[in-house]
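Two complexes, one shared chain (chain A), two partners (chain B, chain C).
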Partner chain A sequence: MGVLGCIWLVLILVFLYAPILIMAMMSFNESQFYQLPFKFSLDWYEALASNDAIKTAAIRSVLIAIATTVIATTLGTAASIALFRYSFPGKRVLQVLLFPPIAIPWLITGTAMLIFFFGIGLGRGTPSVLIGHVALALPYVIVVVSARLATFDPTLEEAARSLGASSWTVTMRVTVPWILPGIIAGGLFAFAVSFDQFVVSYFLSEPGDATLPVLIYTSIRKGFTPEINAVSTIIIVISMAIMLLAARFSNFGGDR
Partner chain B sequence: MAEVVVENVTKSFGPMKALDNVSMDFPDGGFFALLGPSGSGKTTLLRTIAGFILSDSGHIRIGGEKVDRVPVEKRDIGMMFQSYALFPNMTVADNIGFGLRVRRVGASEETRRVGEALELVRLSDLAHRKPSELSGGQRQRVALARAFVTNPRVLLLDEPLSALDKALRVDMQIELKRIQREIGITTIFVTHDQDEALTLADKIGILKDGRMVQAGPPRDVYDRPASTFAAEFLGEANVFDGTREGGGLRLTDGSLIALPEGSETAQSFAIRPENLSLAQEKPNGDGIGSLQAQMVQRVFAGAMTTCVVELSDGRRMKAIALDRDMPHAEDGSPVWLTWKTAQLTPIGSEP
Partner chain C sequence: MANILSQDTRRAAGLLTPAYLWLTVAIFLPLAAMLYFSFLSDVPFGPEADWYYTSENYRAFFETGTYASLLWKSIKLGLTVTVICVLLGFPCALVLAKVIQGRSREALFLLIILPFWSNSLVRIFSWAIVLRGNGVLELAVNWVLPFDIRLGLMFTPTAVVIGLVHSYLPYVILTSYLALQAIDNSLIEAARSMGAKRLTILWRIILPLSMPGLLAGAVLIFVPVVGSFMEPRILGGRFGTYYGTVIEDQFTAVFNWPLGAALSFILLAVVLVILALSSPILRNART
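What follows is the complex of A and B.
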């Protein structure tokens, strides 16, 4: 790689991470008004610990993310195995229809969901948020698990059946162990999609029932405090850790 | 252990008939080969017996019971796959014990039977290895042990030795035969290798284009092929055909050859390459047939030499003999192709 290439790479990284780094730095700065020189302090993190609104929202976000992960991973894995194992009329169409939700802007999806949930009488609230998150996370799980399944030898399932295993046993003892890295990666993606979700949550949550990103947004509108920097920094650390783990498990397409 | 009977089984995939009214019975405890070129339907037949393929019509019976609508996992079979299909996440012992765990035989019973199976396939030291740490021959034996450890009613082997190199294959043929004799389970295997079928099987079924061309003990099928296809596929027999004239056969090149007694109206006769010999001089004597031919090619392969000669109508014949018994004729030089008339075998009129 030439010198120009190196400079280009550095510029990209600066572009991507500089705002985040500045925000993280300011969360450790004593001054409320972003004044320099930088003086290290954990005041904002302490303030966070006594801020009940943020704590409640954080717990709600984590709970919703966990529920989304469990539901989306289970459904997504089952769907992937079904798509892998059986052929049925309309299978291709179904597979193709799984991808657009990833590309459709969340703003549009969120609006559509809001209209839909009011239309069926469910309205706003945590159940709607959860269903919305599962719907958003599902395609990611299916894509990641299906990629792993593509490396699975279906003869192994035949071998297990010939040895007397029922289709449930075949799935649990032979298929799932092989695709487990994909399931874990898919689950981490689902968690990240839900935990970082703002638009759909904002549309579907009731006032006073906000998830963490929604709460951050509403706080910013009232006035910007380094407390928000602190909580954002925590979210970034968690999200990046999850994404790195997911990348490790999914190996982004390669076999391990 | 059980007898397997295939009765008039037909299976089509779209317009293609993969199995066309196939029947064959596999008596209890025997070792059977389904032989045929690729696309002949032999694997389809094996998979139909296993239950992976449901036939359109006809019946499969295992131990007298009709299993046409019984799913694979309830047929009580053992199957060994061409790719072995060992579970990569399990050790050798866990692979072999899988069928026993599914049957809930209990841990101590499982350990005992897996131990016995490992001993039978001579892999006791490798029980805790993963399949990825084994050689091809070892994997093959793990796959075999896994298939028979549950003591199934029938053992089905799909091209069991094809993934091995030639030297290992011969060793494993002997192993396979020994193991089959010891466990005594009715065993059906698919192969495209005629030597393998002749070496291992008590009975061979030859398939072509989804039809059972001939079934019988290897020696019968070898000595008395029912069709030109069977004759040529099994042992690469040479075939003389022509029209009957008096007690002889008029070949297309115009020469008349004598025929053995009792050949009735057959118009095709097979003779094995090892029953043809070559001579520099025209041989004489009762019951000896001969034709003028031209040496095309000599293929030296250690003890045996194969010679290809061409008759005057362009038909090629193959003769195999010990190298010292072959005349040292140059390629292109004239030789006499000779045989004993009694060794000509009439073959059926089937294609």
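What follows is the complex of A and C.
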């Protein structure tokens, strides 16, 4: 079973990574029509550098992701601390309410946001996209930070308080330093949720100011070029690097 | 007011309000607005908007049969993808949890769930590159086989299934692995020492004990697949019409928002029923 099992595992890994690697390889291939034999070339990356539409979309995506990270991490950490520290009526309900944004298909949330934002006069555009991204990222931040808080000893807070520290000082000097790895991991998750988000951005962004995934989707539907491979390769490298960092900070996947 | 609420409650409210207010504005109110919209005849924006309350959008679903059959098609797609993911993923999780030891296990686990957290659109696009006519897969197959063969996988339902399995396979591996890891090895040792065969151990001990994790993974795959639209669009071509793509059309091409809202809400109802039915399992799986 051991050997057969390991072969199975390797085959699964090949299935998961082969298409990504082939896509990356094709971004370095000279032929515009993905023809083999492979001839190394950086033409498509050079083409990217002079493609203003893609560059603007990339900058917009990064800025939205940074804003999402800052907002979602701040609000999410505050909420996690409250859920951990205090007991109050309705706490269980609040915890359950974190589930819908994660569990409901983004198609439904995205179209619902579109309707609502039009209804209140906000319409499509970058502010709507940002509001949507933060809402999608918040539950992830709260879950990750709460997991870290579960390892925190509340008597440390009591000790600090009995020594005369104010509530704010206790939070900033005792609690937050302890859960910092969780906050960083949560922030990285939030960045990834926003940076990789396609569905909600697709419904909420104006045709003129698309995020990078939305721009890629519309270009794919027009027919694809190795230029898209190049930008896709860059995206996948960035998002995998972010998740590796997040895994490092949240101890995700380690022996528990 | 302040006297009634305890100090703790007030402090908690101060910390919780921003986050939950945000979720209300961006998730819960929009869902309510969508429900309202699904009962309108037309979009109520603008000064000369002409609309009235109606149930015709829901009647369109229940009377014409077109949308219902598309929903059924999407549910079948969800079931197919889920079953394939479970069959591929569970053995993989089993090997990871019970055969491989030490640091390499951590690394392999991370390697498997890493693609899951990377851009899903880009991964679907990568399959388009692999599966397209005269693409890498076809060249590789023809290089191995002595005769010429055209796979013609791109723009078929099979391509959609392959892409979706690739997107969601790590989910079931993740949940099954966590459940399998929690099984005490001495239990398996005890069964073995009493002469239980491998299949008996798998069937009578490992499978029942890891069932919550396995089912949680299945639900977490099934729900988004039923609502998928980007994957069928890119990989399905003219076979790529599913329930999700019809909803997408209502909002981006046809601009019949009330109908789109009704269709979305019916999908939400299906999703909520599935989540409600599986919530005892999901709760077990989390611990």
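Heads up, the rule we're going with is that the second predicted complex is superposed on the first by the 251 of 256 C-alpha atoms of A that agree within 3 Å, B and C clash if a C-alpha of one lies under 4 Å from a C-alpha of the other, contacts with A are read in each partner's own complex, and residues count from 1 in each chain.
In the analysis below, a residue touches a chain if its C-beta (ideal position, glycine included) is under 8 Å from a C-beta of that chain, and two chains touch if they have at least 3 such contacts.
Predicted, not measured: the structure shown is a model, and the values here were computed from it.
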{"item": "Chain C versus chain B on the shared chain A, clash or fit after superposition", "value": "fit"}
{"item": "First (chain B), second (chain C), both or neither touched by A:82", "value": "second"}
{"item": "First (chain B), second (chain C), both or neither touched by A:158", "value": "first"}
{"item": "First, second, both or neither for A:177, with chain B first and chain C second", "value": "first"}
{"item": "Which superposed partner A:235 touches (first chain B, second chain C, both, neither)", "value": "second"}
{"item": "Which superposed partner A:169 touches (first chain B, second chain C, both, neither)", "value": "first"}
{"item": "Cα-centre angle that chain B and chain C span when viewed from chain A, reported as a multiple of 10 degrees", "value": "100"}
{"item": "Touching partner for A:223 - first (chain B), second (chain C), both, neither", "value": "neither"}
{"item": "Partner chain(s) touched by A:104 [first = chain B, second = chain C, both, neither]", "value": "second"}
{"item": "Partner chain(s) touched by A:119 [first = chain B, second = chain C, both, neither]", "value": "second"}
{"item": "More chain A residues in contact [chain B versus chain C]", "value": "C"}
{"item": "Closest Cα approach, chain C to chain B, once both complexes are overlaid on chain A (Å)", "value": "11"}
{"item": "Common interface residues of chain A - those touching chain B in one complex and chain C in the other", "value": "167"}
{"item": "Parts of chain B lying in touch with chain A, wherever the complex brings them together", "value": "50, 52, 71-74, 76-79, 81, 83, 85-89, 98-99, 102-103, 146-147, 150, 156"}
{"item": "Touch list for chain C against partner chain A, complex", "value": "6, 8-9, 11-16, 18-20, 22-23, 25-31, 33-34, 37, 45, 88-89, 91-92, 94-96, 99-100, 106, 108-115, 117-123, 125-130, 132, 135-136, 139, 166, 169-170, 173, 181, 198, 223-224, 226-230, 233-234, 244, 247-248, 251-252, 257, 260-261, 264, 267-268, 271, 275"}
{"item": "Chain A to chain B touching residues, read off their complex", "value": "153, 155-156, 158-167, 169, 173-174, 177-178"}
{"item": "Of chain A, residues touching chain C in the complex", "value": "1-2, 5-6, 8-9, 12-13, 15-20, 22-23, 26, 34, 36, 75-76, 78-79, 81-83, 85-89, 94, 97-98, 100-101, 103-109, 111-119, 131-132, 134-135, 138-139, 142, 167, 192, 195-196, 198-199, 202-203, 213, 216-217, 220-221, 224, 228-229, 232, 235-236, 239-240, 243-244, 246-247, 252-256"}
